[in-house]
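Each in C-alpha cells, the structures are laid out below.
Shared chain: chain A. Partners: chain B in the first complex, chain C in the second.
Let's turn to the complex of A and B:
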C-alpha cells in the first residue's frame, strides 16, 4: 500500500527534483498531444531544443523571450513573498506598453535618443504601476480580493489597447491592420549584440532581479515584506504598516511588468499593436512559482521558459505544430508543481 | 485480577535527522486505565503519540495491540486497531454541524446520511459518558469545551477503545477541566483505556492511575499514582528539584507609571464593548497581576494599551503623557513591550528564522540597521546574545523558528521583548503551555525586572502564579475591573468570587 509520511525537513534535493519532474510531466502531456496530431514528438522536441539552445542565434532569441519573463518575475517574487497574489502582470505589461508608446508616437522624433528612451522607460513603469496600484488600494482600503481585481483589470487593459489600436492611434497607412505608426529610431532600445535582437532590456531584467534579491535579503523593506507574508498580525504587532507596504510592493511589481511591456515594443516590435505577447504576464507566474520565489532560480527558470517560448515559435513554422503546445506544457507544469506541494511536506512510502 | 494489557510498545526509537526524539521506550497500557504521560516540552511525548497513532513510523521497535503485533502505518490503521486521538488543536470543520463532523471521513455510510441512526448512536454515547452536544449545531457556535467533546465523540463513534488525549486541558478554562475528567472517569469505568498527555502535575494527580515520565526522549519511570507525590514527579520530570516558591523582596512601589482612565474598547468582530469603563494603574517597579477567566476582556485591555486596539472612550497615560490610540511602534519605543498570548498567531513569524524573529523589535534601529539596510551580521550577533543569555536550545539560528519547541519559542519571544529594556512589560499568559523549567525561568525573569524597578502587567489564569509573584492583583470580569487589592491582602477564594462577577466593595 502507498501511504504518506510527514517529512521532518525539506531537503534541497527534493526541492530541485519537484520542479524538474513537473516540467517533465508537462513535456510528456505535450508529447501526447503531438502524437494525437500524428507527428513524431521526439522530432518536435529535438527541433524545439535546437531552436532554443542549439546555436548562438537560437540562444539569443531565447534571451529575447527571457527578458520580459525575468522582468515580470522579479516583481512577482516581491509581492508573492508578501502573500499578495498579483495575477495582473498581463494588464500591467499592456499598460506599460501603451504609456511608453505614447512618447514614441507623439514626441517629436528628433529629440535625443537618451531623452526619448528615458521618457518611454518611466512612462512604461508608470503605466504598469498605476494598473497595479488600483487593485492594491482596493485591497488595502476596502478589503477587495486582489486575485479577482488584478485578473479582471487584465481584460480592461486589453480593451484599452484595442481601443487605441483600432481607433485614435491606428496608423492610417496600415491598410486597416490594428497597428500604430512605426517608432522612430530614437525610440528603439539599442541592441547589445550585433545580428541579434538582444537589447538593453536584458540589462534591465538582470538589474531588476538583482535589485529584488537585494531588497528582499538586505533591506528593511524586504524584511517587512517577509514578516507580512508570513504573519500579517505579527507585522502589525511590530508596528509595520501592512497597507503601506502592500501598496509599495504592488507598485514596484506593476512598474517592472510595465517596463517589460516597454522593452517589448521599444526593443523588439518597434510599433504598438494588439498582439504584444502579453501572455508573458501569465508565464511569469509559473516562472516565479517554479523557482520557489528564489531570485537565483528565477534567473535560471526564466531562461528555460524563454527557450520554451522561442523554440515554440520555431516549431510552429518548421514542424507545423501549433504554438499552443507550449501553453499546454507550461500549464501542465504549473498544475504539477502546485499539485506536488504535498511532496514538500510528505514523502510517499510503500509498505506491503 | 489484573486487567489485560491492551497496548504494548516495545523498544520504540524514533530518530530525526538532528535528534533522537524517542529512545528505547517501553510502555504498556491496561484495560480501564488512565495512564498519564508526563514530561516537559520537547521530552518526546507528542512524537511517541504520533507513532502510536500512525503519523510517524518508528525507526525501530514494535507495537502490540491485545498481544498481537500491530503495524500502524497510517491513522486509518490506528483507528482500525481501536486507537483514537484527540489532538490539542481540534480537527473540526467549523461551518459543518456536529453530526456532519462526526461522520466526516467514514467510508461505510453509503450515499445518503442516515441522520436518525446516527443521532440514536450519538444519544447512546452521550448517555454513557455525559457527552451532550446538540448534533445539529454548527461547530463555530460551540465553546472550546464543547468542541473538545465533539472530538471525543468522533473518536468513540469510530469505536475506539484506546483514547489518546494530547494536552486536553491546555485549551480549556479552569472550570471546564473537572467535567472533562468526569468524562474520562466514566470512559474508564466502561472499560476504555486512556493515554493522557500533560505537563500539569495537579491534573496527573487528579485523574490518572499510572504515570509514565518522559525525559529527553527516554521513559524515565512508570509509577502508580498512589505511590508518588507531586514533588517527586516534578523531580523525575526535570531531573532536579524545582522551586515552587519564590523569595520575593519586599518593596514599596509608589510612583505611578501607567494610568488607564475609564476606557472603553469596542470589538468589531463581536459587535460589543469588550472593555467598559476600565480604571487601572500600574506603579513603577511592581508586578500587577490581572486575574480572570479567559475571554473576559483581559486581552483586549492590554492590547488597547499596546496600541493594537482602539480606545473609544477615556484615555491611557504613560509617565503622564497621553498614549491612547498611538501606533504600536510608538508605544514600543517609549518603553512598553507586549508579549502576546498566542505567540504563533501574534508575536512570531513561524516560517522565518530565529534571527528574523529576534530582530522584530529593533530591525529598524541602529545598530541592527542603518539607512534602509539591515546589517545581518549584527542581527546574528544579537540573536546569539539572546540565545546565550536566556539559554535557549537552538540547533540552527537560521532554521525556521517553528522547529523550536514551544518553550524555546516563548523564551526567545520573551528575551526579545526584555532586550528592549522596557519600563513596562505586558505579559499575557507567559507560561501557558510551558514546561516546569521554562515556567520557573519566565517567572524568575519577571521578578528580576521588577527588582530592577521595571513594571510588569501579568495576565494569567493560573491563580498560584498570580498570587506568588504579583504585588497587586486586579480581577476582570466581562470587561469590567471587579477590584484591585494587594497580593498579601487577598486570598484565592476572594479572587474566585471576583472572577465570577462579584465586586470587591460588595464583599
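Let's turn to the complex of A and C:
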C-alpha cells in the first residue's frame, strides 16, 4: 500500500514546484468546470490572460487589483505567522472604507489635499484596527475563538455599511441608488501613471510588504511573533508577553486591511457604495498561504491573483462567464496547496 | 387587535422559528460530530450552499422535494469528502482547507447557479399535523404541525445525543477526538472514524442547505445561505458539543430569523440593514458569552480538535 515516509531535509525545489502545480491544478479543474457549461476553456483562459497581462492598460488594471491584495496579505502574513487566524480582513477593509469615507463626505472639500488624504489614511487604518482589536482582545482575555468572531464581524461590518448606504449617507441625488455623494478632488488618491487607475495605494502596498518583511526578520517583535507561532506555551515560558503581541499584530493586520479599504474608495471608486470589492479580504488569505507567508512570494502571488481577479471580471462582461469561476480556481488551488504541504516533509512510498 | 389574533401571530411566528431553526439544526449537529472526532470543518457555509443548490435544481427538475432534499444531502456529503481527504489522509491544515471549501462552495454555486437565479420552486414539503401530539394546546400547533423534515430533525437530535453518550459508537467517537493515539492502541481505526463523521457533517450541512431552498425560501439566489454556515459553527460552541443543546441554540436563532421576517412584513421603521444584522450580532454576543461560560465551567473543545493524526509516527 501507499504510505508517507518522513524526509530528512526539506527540498527547496519541491517548495517552489508545489505552489506552481497547485495553481495549475486550479486552472485545470476550472477548465473542466467551464467545459461542463459548453464553453471552450481555451478561449476563456486566453481572454482572461489578455485581459490581465496582455497590454499595459490590462496590466495596470491587474496592479489595481493587486494593490489591496498585497496590503491585506502583508498584515495577514504577520498574524498567520503567529498562528492567529484573522479571517476578518473583509470586515476590517469595510470599516476602513467607512471611516475614511467619513472625512471625504463631511470635511469641507477645500481643505488641502494632503490634509484630507492624511485624515482618510489614518481614519481607514483606525477603522480596520478597531475591527481587529475587538476579536484580538476577546481572544486574549477570554479565549474566544478568533476564527468565528472575525468572521461574524465581517457580516456585521457589511450591514453597518448597508445601513449608511441605504440611510444617513445616501446621496439624495443618486436616484435611489445606495451611493454616497462623490468624493471631492481633494479626497482622491493621486494617480501614479497617466491614463491608468494605478494610484498611490500601490506605493502603500509595496511599503507595507517591505515593512512586514523587516518587522518579521529584523526586529525583536518579529522574532517573538515567530516563537509564538511555533509554540505559544514555550513563548510564555521564555518570558514573551503572548497576549500583548497578539493584540499588536492584530491591530497592524487590521490597520493594513483598513488602509486597503481606504485605497479602494479614495483611489478607485471615488465614492462609498455597498460593493467595494471586500472579497479581497478572503482572496488575500489564499495569496498569503500560497506564498508560504514569505513576503517576496506574496509580492509575486498578489500580482498573479490580481490578474485572475481583474481578468475574471473582464471575461464576465466580455464572454458572460460567471465570476464564480475565479472562486473555483482559487479554492482548488488552495485545496492543492494545503493538501500538498505533506510532500514538504514526507515522501510517498509504496510497500507491499 | 383582539387577543386570539395576537396568539395566532405568535404561533405562526414560533412555527416559522422552528423552520428557520431546522436550517441551522442539521449543520450544527453535523459539525458537532465532526469536531467530536477531531476534525474542524470550517467549510459548513460552502457545503450548505452546495446542498442548497443541488436541493433546489433537483427539486426543480424532478418536481419532487424529497428527491431534491436527498440530492442536497448527498451533495453536501461529497463536498465534505474533499475536506476529509485533505485533513485526514494528507494531514493538511484544517482551518485553511475548511476556508477553501467555503470559497469552493460559493464559487461553484455562483458559477453554475447563474442561470437559476430568481427561479422559483412550485413544490415544497407538505406540513401535516402529527397524530395526537398536534392536539396539545399552543405547543402542538408550533412543534407538531410541521413537515416531515422537521420531524426528522427532532428524531435526529435525540438519536444523535443517544449515540454520542449511550453507545459504544459514541465512546469511540469521543475517544478519537480526545486522544487519537490511545484510540488506535485500543483498536479503533482512527482514519475510518474521522472519515465517517466528517462525511456525516457534510450530509447534515447539505440537509440544512437543501431545507433552506426547498422548505423555507423556495427560490435560488447567489449566496442564499448568507452566513448561516458560520452561525452553525458558532452554535457548536454555544451547544458545548452536545446535540440536544444544539436544539435550543438553533431554535433561538430561528426565532431571530422569523422575528426579523415578521417585522419586515409588518412594515417596521427599523432599517432593514439593522434587522438583517441581528442574527450575526446576537451570535457574536452569544459566542462571547458562551466562551466565557465554557472557560469558567472547564468545558473544552475535543482535545485533539484540528490536530492531524498519523499512524506511522509513534
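Definition applied: the second predicted complex is superposed on the first by the 345 of 352 C-alpha atoms of A that agree within 3 Å, B and C clash if a C-alpha of one lies under 4 Å from a C-alpha of the other, contacts with A are read in each partner's own complex, and residues count from 1 in each chain.
Just so we're on the same page, contacts are C-beta pairs under 8 Å (C-beta built on N, C-alpha and C of every residue); 3 or more make two chains touch, one makes a residue touch a chain.
Quantities reported herein were computed from a predicted structural model and do not represent experimental measurements.
Partners chain B and chain C, once the complexes are superposed on chain A, run into each other and clash. Contacts of A:196 after superposition: neither chain B nor chain C is touched.
By the touch criterion defined above, A:318 lies against neither chain B nor chain C after alignment on the C-alpha atoms of chain A.
Look at A:174: by the touch rule set out above, it reaches neither chain B nor chain C. Of the two partner chains placed by superposition, only chain C is touched by A:340; chain B is not. Once the two complexes are laid over each other on the shared chain, residue contacts for A:289 go to chain C alone; chain B is not touched. By the touch criterion stated above, A:326 is placed in contact with chain C alone, chain B being left untouched. In the superposition on chain A, contact of A:273 is made with neither chain B nor chain C. Shared-chain residue A:237: touches chain B; no touch with chain C. Taking chain A as the reference, the larger set of touched residues comes from C, when chain B and chain C are compared. Contacts of A:223 after superposition: chain B is touched, whereas chain C is not reached. Comparing 184-192, 220-228, 238-246 or 292-300 from chain C against chain B in the aligned model shows that the clashing stretch is 184-192.
When the two complexes are laid over each other on chain A, chain A has residues 3-6 in contact with both chain B and chain C.
Chain A makes touch with chain C in their complex at residues 3-6, 33, 36-37, 85, 87, 138, 142-145, 147-149, 151-153, 155-156, 159-160, 162-163, 166-167, 282, 285-286, 289, 322-332, 334-335, 338-342.
Within the complex, the chain A residues that touch chain B are 1, 3-6, 8-9, 218-223, 226-227, 230-231, 233-239, 349, 351.
The touching residues of chain C, counted against chain A in their complex, run 42, 82, 85-86, 90-93, 95-97, 99-101, 103-104, 106-114, 227, 230-231, 233-234, 237, 271-274, 276-277, 280-281, 283-284, 287-288, 291-292, 295, 310, 312-313.
Residues 16-17, 55-57, 71, 73-74, 308, 327-330, 332, 338, 340, 345-352, 356, 359-361, 363-364, 369, 372-374, 376 of chain B are the ones touching chain A in the complex.
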